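For reference, the structure is listed below as structure tokens.
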Amino acid sequence: MSSTPSPRIDGRTPEQLRPITIERGWSKHAEGSVLISFGDTKVFCTASVTEGVPRWRKGSGEGWVTAEYSMLPRSTNTRGDREAVRGKIGGRTHEISRLIGRSLRAVIDYKSLGENTIVLDCDVLQADGGTRTAAITGAYVALADAVAWAQGKKLIKAGRKPLTDTVSAVSVGIVGGVPLLDLCYEEDVKADTDMNVVCTGDGRFVEVQGTAEAEPFDRKELNALLDLAVGGCEDLAAFQREALAATR
Amino acid sequence: MSSTPSPRIDGRTPEQLRPITIERGWSKHAEGSVLISFGDTKVFCTASVTEGVPRWRKGSGEGWVTAEYSMLPRSTNTRGDREAVRGKIGGRTHEISRLIGRSLRAVIDYKSLGENTIVLDCDVLQADGGTRTAAITGAYVALADAVAWAQGKKLIKAGRKPLTDTVSAVSVGIVGGVPLLDLCYEEDVKADTDMNVVCTGDGRFVEVQGTAEAEPFDRKELNALLDLAVGGCEDLAAFQREALAATR
Amino acid sequence: MSSTPSPRIDGRTPEQLRPITIERGWSKHAEGSVLISFGDTKVFCTASVTEGVPRWRKGSGEGWVTAEYSMLPRSTNTRGDREAVRGKIGGRTHEISRLIGRSLRAVIDYKSLGENTIVLDCDVLQADGGTRTAAITGAYVALADAVAWAQGKKLIKAGRKPLTDTVSAVSVGIVGGVPLLDLCYEEDVKADTDMNVVCTGDGRFVEVQGTAEAEPFDRKELNALLDLAVGGCEDLAAFQREALAATR
Amino acid sequence: MSSTPSPRIDGRTPEQLRPITIERGWSKHAEGSVLISFGDTKVFCTASVTEGVPRWRKGSGEGWVTAEYSMLPRSTNTRGDREAVRGKIGGRTHEISRLIGRSLRAVIDYKSLGENTIVLDCDVLQADGGTRTAAITGAYVALADAVAWAQGKKLIKAGRKPLTDTVSAVSVGIVGGVPLLDLCYEEDVKADTDMNVVCTGDGRFVEVQGTAEAEPFDRKELNALLDLAVGGCEDLAAFQREALAATR
Amino acid sequence: MSSTPSPRIDGRTPEQLRPITIERGWSKHAEGSVLISFGDTKVFCTASVTEGVPRWRKGSGEGWVTAEYSMLPRSTNTRGDREAVRGKIGGRTHEISRLIGRSLRAVIDYKSLGENTIVLDCDVLQADGGTRTAAITGAYVALADAVAWAQGKKLIKAGRKPLTDTVSAVSVGIVGGVPLLDLCYEEDVKADTDMNVVCTGDGRFVEVQGTAEAEPFDRKELNALLDLAVGGCEDLAAFQREALAATR
Amino acid sequence: MSSTPSPRIDGRTPEQLRPITIERGWSKHAEGSVLISFGDTKVFCTASVTEGVPRWRKGSGEGWVTAEYSMLPRSTNTRGDREAVRGKIGGRTHEISRLIGRSLRAVIDYKSLGENTIVLDCDVLQADGGTRTAAITGAYVALADAVAWAQGKKLIKAGRKPLTDTVSAVSVGIVGGVPLLDLCYEEDVKADTDMNVVCTGDGRFVEVQGTAEAEPFDRKELNALLDLAVGGCEDLAAFQREALAATR
């Protein structure tokens, strides 16, 4: 990769993440809050704790975690209509909200959480590709802070550890025949195949969502993308641990 | 697999599809129509052809294919509310409609289709697991009939072949540690990992969507599931060809 | 009527129903389910039983029966928008759902039903005129099966008979000056007057809805239409009895 | 009927209408406007004329007439929710709006109206039974004034008569075994059968909608109700003519 | 102001209200009801009393008062769409409903009202400027009648006076450089500044809402408008007292 | 004010603003973007320029400016539901969006703007009182940047100055009998009277909205509040000029 010119717009190597920043404590109200950036993609993640659970879960002794994703109207290059104004949530928003919720629930031990609910709100302030993966990665950190807050408030019983692992996510894709990690918007638009991968800290998969945007992809390409993604998630898990290790 | 008892509720081997039936011409109005069943899962798929394309595509010389998925209120064990009555479409419905649309567009050559639109409606009459994969597999056959109709009506130019391949889909999952093909509802509920795979007739991937329902899954499990799915899609492609070969 | 050529498109005599088929047990989930066809009009009717009644009826000791009607988007010649996608139910759908509900409640003894609710879903798979009358006629059979199921499950007290009679419906109209029974779509479009009549098995009226589509109609025409309709409902009641007499 | 005590709450004979008042010119803005009362039922009807027709009718040379019905929240004994607040129109409102529109279109010659649209708004200020029949009867008078206005403005060609007849409506029902004309709310609640009949000035039927609220009804009862309704509509037509004869 | 020609369309002096009429008891159902007119602006106000309060207020021992405002579709010069048909309430309607509610709550002693709710419905039958100020002024009178009714029914404890004062409202504006009281529609359209002022009977302010429609306004203009408005509200308070003094 | 203890929670004098920060260029996509804070209230304002105007304004040669306001779900102390999820925009949101739009249009010369539209999106990231006034003040700066951008792109004709002045806004209120400038949330909750004032840079009024939250207010109190507000807006105008003078 050294002497040949980089195949990427921003000079990265194919297996390199964009600059990642994770700022905790970005809101004075939320129990956990994070401003995460993957390059120019910026997502504001808050975690809100409430005692009690939805009706269908009452009396189970188990908690619940859910998520809502949204893009600010001018987070993108062209202004989009507000979903509140249109009066309905679009399919893409629904899909990503569900993905974030499932990803975080994969590392939650409901019993240890007890009958508490944590809602993650992931609002995209600026979009440049990979908003859902940044949202999952940032939401995990906000969730960890919210869990710590609930432990401090004794909403969670002493000795209980509701988080079983970390979880992070990254996009990968094949652009011009080359598998690339963490696509920015320009790369995403040109990708033949686009895949989002969510991994736990121990390197196992929570979600694998690959889509052929142009040409179908074969098993070899799929394997190359999975390799890249696992490496990227490993790096992101390190950033998450580092952010959480810092004293706020 | 021979002497040990089957690990499956309905006596199938792990790599065996449920009985598949594909009935063409199930509607007198639609340009293509199919009643497909994967065991007790029954989906009614219609393909509706209209001249012209949505506004954002006008003048491009290219066609468009889209899909809508829905479950009848009592297609499931317990009656669900109608989305029309609730006044909004749920996230799951949105997600599956989008998946079906993308899957079919993967085998469409827009230029050859010309400025025509084909809408696939996939309505689940009875659900027993795998409704989205049955929908994709059935919708392809309805689409093929609709394309043939449009060729007959000269809406598509002579010699043009808008379909570049077949496309089919199947679910796979790990139940009690065993990777299984084409889960029925009871298996689906017990699965640790659930994956939907969409393949073209030549065995390449259009979509791979794997979700850890309980435990995260590792690379070895992922590979086993992909192997099963590719085999299942191959069989489904054969059923599609056979159905389309029959004279109606 | 004998030697003159039939005035009807499909060769029927003015007082002749289209071929009627009633298939019970068309769903493995619903407590009652029927696929009914009036010629090319096919409606899938399911009856769903739940213990308990809506809040406003609690503690009354009386049950409730209600209905929802819908057309699949491509049940008609030209594809219609899904009401779920538009986010609201149209006036016609509302009107027909209410008509079906009222018609079935006319033969229900709420006291005998006890505090149980039965919801009838009537989804039109293929439309060729008379969808609401086919829906009522088929829904009655699904309702009867659901009542029998509830009796078997002891949800209804021994010896109680919630059904006081059968109920069926048929359309009549004046086409080219001739009163005709059970209009198909092409006849319906050309009708000057269109009437839907719902009768109990003993030949009395539950609903009479006549509309002048072009010219207002006089008393004599009204009487001719009512005569035709009463005869048609009598025949339909016989088909219902026959369908219910068969062992499933 | 003479010496026996009246069977009715308000002392009327069975075949007697409530006091009818029709005030024209009740709005300074609308092209036609009427406050009509059938006893304590008061409906405010406006007719709004606009040049042009809905898109699907453009270029046909024919006009269009449509109607919207609504009840003010406290027009009834107990306050009802506003449909605008609930965000959707109920089935009953839809049904009645459609009925009013059809009834008025029955006396419109679209060709003579030319490409003009008239919208009738019927807002119930106070309800005491028979709101839909009062609405139809009042809306006709507002329509007639609007047509005259459009003739004066030369929107309608000289010599053209868009109105082919008058149209009025009345409710009838069987209460305690006695057929009664023009039911007030208290009678309506107790009626076994409830029928709304719309007639043209020449005594023919535009709509006949009979519903068994409790017991199904037989042919003899139906005939008695129709007789009453035809007489009532005749009286209403006289009131309409009288109101329109007055100089405003 | 004497010898110079009036600057106003309808010949009023700048500080003169339009003719005000307040008719009580305009509905037989509502606990309080008023038809108020400010010139050609006519608003129908009803007050509906129900025992109990919204959930968030239960057990507080305090009552609640709220309001809903709406315009009939043809209350204006050009017909507007019904908000119920559009499926959502517009911003202006929301804003005015909230203003009316706040204005009336300013003269309510919740403790004295006890756990009762009064809903004010203000429906504009005819609009000619100042609909919100007429609505507030009329709604107060309907509210006073409803409170009296609730006292009569012992829903309010003996000796309790839920109304602490009267409340009325008027619009003022600068038209052609001249501050004017109670603008009619034509004046409103031409106004540079438009202000709505709500006062209690003792001359204090409940709401002051001034908007520069064209040019921003200075302190001197603001003062002139406030002077006019206070005088107008004083006159309106007298009309309210007079209306309430009359025996119904 | 010197020796007596401050009456305010955060130690400010009654006529002192909270710390104000205005960061321009906070988004890489929007033509103008600002993160403004009034103490702990943080609002993200973007200005989006598009060529062309809404249909009703086409061909007028004049531009249009509009605004949308929204609060992120966890911008407040307790998480609020998303309006997009509820499917409708609340009255308060509507009201504030309209206020922001009117305020900015007060300093726009539509002719100079030409047929261009500028949409201001004001999303509250963190709320601590005064969100609408911070939104107006920040949106003005984003608008100025957007206008400059449009001038640079020649969308606005050379020499044209669409901005006629600056505009800013501040809240004032009476807390414990003392008139205070720029209320934080805790003060706002305790205020008897709450007023929002929007001024142009030359000290004139664009909007004055005063509301008695508890007791009605008299003319003297109103004057004291207006004095405070005019001073606060003057300071805010200075901050705006300073922010815009900086090179980005």
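Order as written gives the chain letters A, B, C, D, E and F; numbering starts at 1 within each chain.
Following the convention adopted for this analysis, a residue touches a chain if its C-beta (ideal position, glycine included) is under 8 Å from a C-beta of that chain, and two chains touch if they have at least 3 such contacts.
Computed from a prediction, not measured in an experiment: that's the story for all the values here.
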Between subunit C and subunit E, the fewest steps along chains that touch one another: 2
Candidate from D-E, C-D or B-C with the same interface as E-F, over half of contact pairs in common: C-D
Longest centre-to-centre distance from subunit D, chain (CA-based): A
Centroid comparison with subunit E (C-alpha atoms), farthest chain: B
Euclidean distance of C-alpha centroids - subunit A vs subunit F, Å: 33
Distance between the centres, which are taken as Cα means, of subunit E and subunit A, whole angstrom: 51
Separation of mean Cα positions, subunit E and subunit B [Å, integer]: 60
Junction residues of subunit A - those touching two or more other chains: 87-89
Ring topology as an ordered chain list, initiated at subunit C and continued via subunit D: C, D, E, F, A, B
Parts of subunit E lying in touch with subunit F, wherever the complex brings them together: 88-92, 94-95, 97-98, 102, 106, 165, 195, 199-200, 202-212, 215-219, 222, 226, 230
Of all residues in subunit D, those that touch subunit E in their complex: 27-30, 33, 40, 44, 46, 48, 50, 68, 70, 72-77, 79, 82-85, 87-89, 93, 119, 121, 123, 125-128
